[in-house]
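There's a structure below that I have some questions on.
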């Protein structure tokens, strides 16, 4: 048998009636970058969590460095030199970087008197790998990208031989992703083995040595990256052909539906995050806002949805001038909003699927009559949406928490689009969802545009911006740096603007 | 107005402040650990009562105050184990279990006290920890009386708070406690045993609360009385929030509460103030609300996982 | 509604209701151990307790009378807890309601019965609601934790009551601190003479049913629950979170205030310093015991009422201290919890 | 130390016609409430507002009950009622329906409930402590007041003669407490109109620590006499006396051992002495009250006080003499201890 660092055999794991892993086999060679690919809910995270000791498999064996082992807890994994960077960051926001890194590494009675030395060591390590992390910073003050680097540093500090990264690029900007991928390559070249989960096929093609495809809790194939192509990977993943390029119809944009003049928004800490921003969105048009995350996009979206205070000279929706007060009930005035964090902002998790469908309309006829909810109507309506948006769910009375990420996102999209908005604000619509769902969501957005909606799309995923936008605005430090048409030849120009160069100087 | 009576008045208030604050302080510092580990124990009142009874009965029977204190500590550990069994292992709603503890505390101490002491005809008082002057320091005018003429359990707070702060912020244990209260899953992924840390957080809280309860009988009053805790467990809960979940903050908040409590007793005793005494009695509680309003401008967040059972 | 659906709903409700009862034997067993250890005969004690609660019609109505304030408070708290507002202040809200009801019943005593009775109840409700909404306001406006403010407001309400009955509202200066009796026109009718069972009990059951419908069947309840589970998502959906916090505390405080008003207008007819023996705290357990289901509260408050009611007779005839009941109540809660039927349903915050 | 003020026991408490009347004619009507089989046992019940082991108010009543058990062979029982009026009526009924003919509600707060229940049980007598209740229309509800203001008047007088200032610490503001304080203040003013006396209320009966702190605050303010009347919490006042080495008094029982150097006098209330005679008449079926009952210093078997000769500052002999005169004037009604 070939030399391998990890071999998982016939791993089975169920959660109640959910069968997350149904006998998975996986082999990883030392020093390789091995990608795991699969739709939402295919069982990638569960499999990796088993490897990291977070879950115990119901049955199946794990061999590590040619020894059969059981990994009872993350502690065991760390001792075996397995590191993991989780899909949702596992950092304690109120502690410093250094404290997070040493967390759990010492016996309880240990007095952390040598913190300066530890910080120095972390600092050195950070320099060695060019990670640019300040050990004394509080994690809650860090950007998402920085937090991720802390996660990687944590694993390296613990001396990992095998590093598992669960969708590390889902929350990163293109530049950050780029940087991360080349960094992973470097690590692999130094001998580290890397297991890498992603939904982005370009990344798989770019960085991995081999790919294992999971579907419905089973590993259906492992292939050498050099011997495959994105189209084949997509087909194996989804079980059908996937459109790799969306068909965007050319269409004439109409009159201005939404416009904002001189918007100013402060962030949580009271610092200006959006500065004198003006833009307009027309009928039958997608305006994309590109930019590195942390440049005020979140605040822009929050302000337009009326969820934070903002100052502006004028906001006009559908020829009506809006006040601050109007903003908080914009969804009653014809705006729909797909928020960037579906679990935190978009959904009420213990509620059922159908209760989530009516989150904005529950008060209106026919869902509510004289204040009483009309359960029959709501259920019929939900079943209709489930069918129309092909959401995979057993029963609309099921709690939405049981759905996979992609299907949760589809619920949000279905709810918002079904309101036939005049103006649609979309923030990171496909973050963290698989290519099948991504394709579907993007198609829906375009369909909405073709039906006449004005759409403002915020995304850090340049590819998504290009795929959907009719016009691209680049945002940097709270300002719009300039406007560019979605012409692939002008990617470099956009990149420069995202880094702060104005149109004129670019 | 004469200056001297003014100073005496102030001195008297301040000396009383520290004493009044002490039982609350013990309970609150412990609860800081409990809440920092993500568990809310509204049963402190009951736990303190049990501690007071255990401390009293053992000290009374043995004639040894230190044994009494040890018994209180043991009772605190036992309370903590039961509380943790329900809230951490069984993962029950913490407020339900806390409410149950308050009932059990009142019930069990009431029944036992009646059975063993109420009709015993014995003299039920014991010799409490006495105030002692610290040599030299105790002679300093003003400060001497305020700071250096207290009993050992009051002095001990000067040790407890820095120690608690040190443990919470400067030891691996403290970091783990903070981590399981803030982001238990993150703690889990670095190999921290979340339930175990929460057990510890709870145990520290109940043990300290029991000491606070025992303080009332071993170092303040000299015998157990049903309901002797009189709401101090609830005040301690408020003090934890008010002190932004830090040991020093808890000390500050307890002292603040103490000062207003002492003040209201003294204003009543002056008798010349025309405010109805009930308004004076409400003063510490109103002031707590007012300060809370002022302080929450700082927006100190509660531990994120507070009240949420882990998995 | 189809049958399968109805059945699952019924089973769900039954489960939340039967668990407290299933837990009783265990709690009684634990209590028996304590009794044995303390040198009492548990069988005599429990028999006396049973007699005290269920001996005859009068005893049984006394149980219902005892359950009434707990029911009001419990259903109110269930609403607040559903909205994730940790109202520990039902005790103070009860006092606020009792004060307002007494004031109305005394100073507007000349009004005709048909007007006065509803007015007394409404004013009591308003008193409790305002006291509760004060905490909600402090939470909304200043971010002050309601756990703390409601505890503090309990004390404030109790002291204000103390002031009123020893000062401005005292019946006879120098005598027992109590207000005069409220006007007879404000007395709640009794409907099962010679027992004391009053229409307050029926109102309590009605309120429980109404709040059940409100929470689970109406759009208002939908918003309250949504805010309780995920305030951020609720805000995104255009729900006014602060207004709902105010509303939930208003309902919760109002129910507690109504309990106070009913206690005054049906039982005591006047205000005393310690008019509540801790109803507000028992109410917390009553609500949580049945997972904040308002219909369940009808049963859990009945259970607590029976325990309390039986305890007095147990003390009289078996000479067992009535504080034992607190212990048994605590045991009931813990054994319900241990049955594991009731688990927390809040979201894992970190995901 | 024998009681200094033992006036001749006039056996006056029973103002009712002497027990010489024929015992055969029982109460006005003989309603045939069929409780025949139980009639053999005489049962006495107590409704107490707090634990009967409080060393104060509730305990005096419980001890009275035990005296009935000892002297009259009564079957006794007590119930600690919830502090809720809702509970009172039921407790009265529970007792009455079980054949208790002597029921004591130990506090004025039981009045409403007693008046409501009494007509249903005309053969049962409902006594109310700390009450001046008397209504010929409800003759089986009888108020009993033991006048603490009288001994406290004497204490106030002693304090003002011996000391610099006094602090009074009460649990809650109810008549048994506030009247005792009024008596104390009147007594002090009689001795020295400028003598500083102040009162503090704790707002509860259990907070021993606060009671102690209140005592200390008086001492820090210059007082050298303390009086606590706060049930359980009174213990804290004793402690404050002992710790701060000032003088004080104890109420209701002999608590000298709680502050042996500090307590200069104890006011003793032997409620049982007062009650047992009434109970005997109830038992015999001869009890026919015509008014409420007031116990005062004149009822020297019920209310008296003792000095502590071992105190650091015992009451001097000449002062004791003055006190004897004072007591006579109080007994004769010449001094109204409750005057405003």
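First chain written, first letter: the chains are A, B, C and D, and each begins at residue 1.
Note that contacts are C-beta pairs under 8 Å (C-beta built on N, C-alpha and C of every residue); 3 or more make two chains touch, one makes a residue touch a chain.
Computed from a predicted model, the values in this text were never measured in an experiment.
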Neighbouring chains shared between subunit B and subunit D, ordered by label: C
Distance from the mean Cα position of subunit C to that of subunit A, given in whole angstrom: 46
Subunit B-subunit C separation of Cα centroids, rounded to whole Å: 28
Geometric centre distance via CA averages, subunit D-subunit A, whole Å: 76
For subunit B, residues that touch 2 or more chains besides their own: 110, 114, 183, 185-186, 226, 278, 281, 304
Residues of subunit C engaged with two or more neighbouring chains: 159, 162, 166, 321, 323, 346, 350-351
Junction residues of subunit D, two or more chains touched: 203
Every chain pair in contact, whichever chains are involved: A-B, A-C, B-C, B-D, C-D
Touching residues (chain side subunit C, partner subunit B) in the complex: 34, 38-39, 86, 88, 138, 142-145, 147-149, 151-153, 155-156, 159-160, 162-163, 166-167, 281, 284-285, 288-289, 321, 323-331, 333-334, 337-338, 340, 342-344, 346, 348-351
Subunit A-touching residues of subunit B, taken from the complex the two chains share: 170-173, 175-176, 178-179, 182-183, 185-193, 304
For the subunit D and subunit B complex, residues of the former touching the latter: 51-54, 167, 198-201, 203-204, 206-214, 216-218, 220-221, 232-233, 235-236, 239, 243, 257-258
Subunit C - residues contacting subunit D, complex: 52, 58, 62, 65-66, 69, 158-159, 162, 166, 174-178, 181, 194, 196, 263, 267-270, 272-277, 279, 308-309, 312-313, 315-317, 319, 321-323
Touch list for subunit A against partner subunit B, complex: 52, 54, 73-78, 84, 86, 88-95, 99-100, 102-113, 154
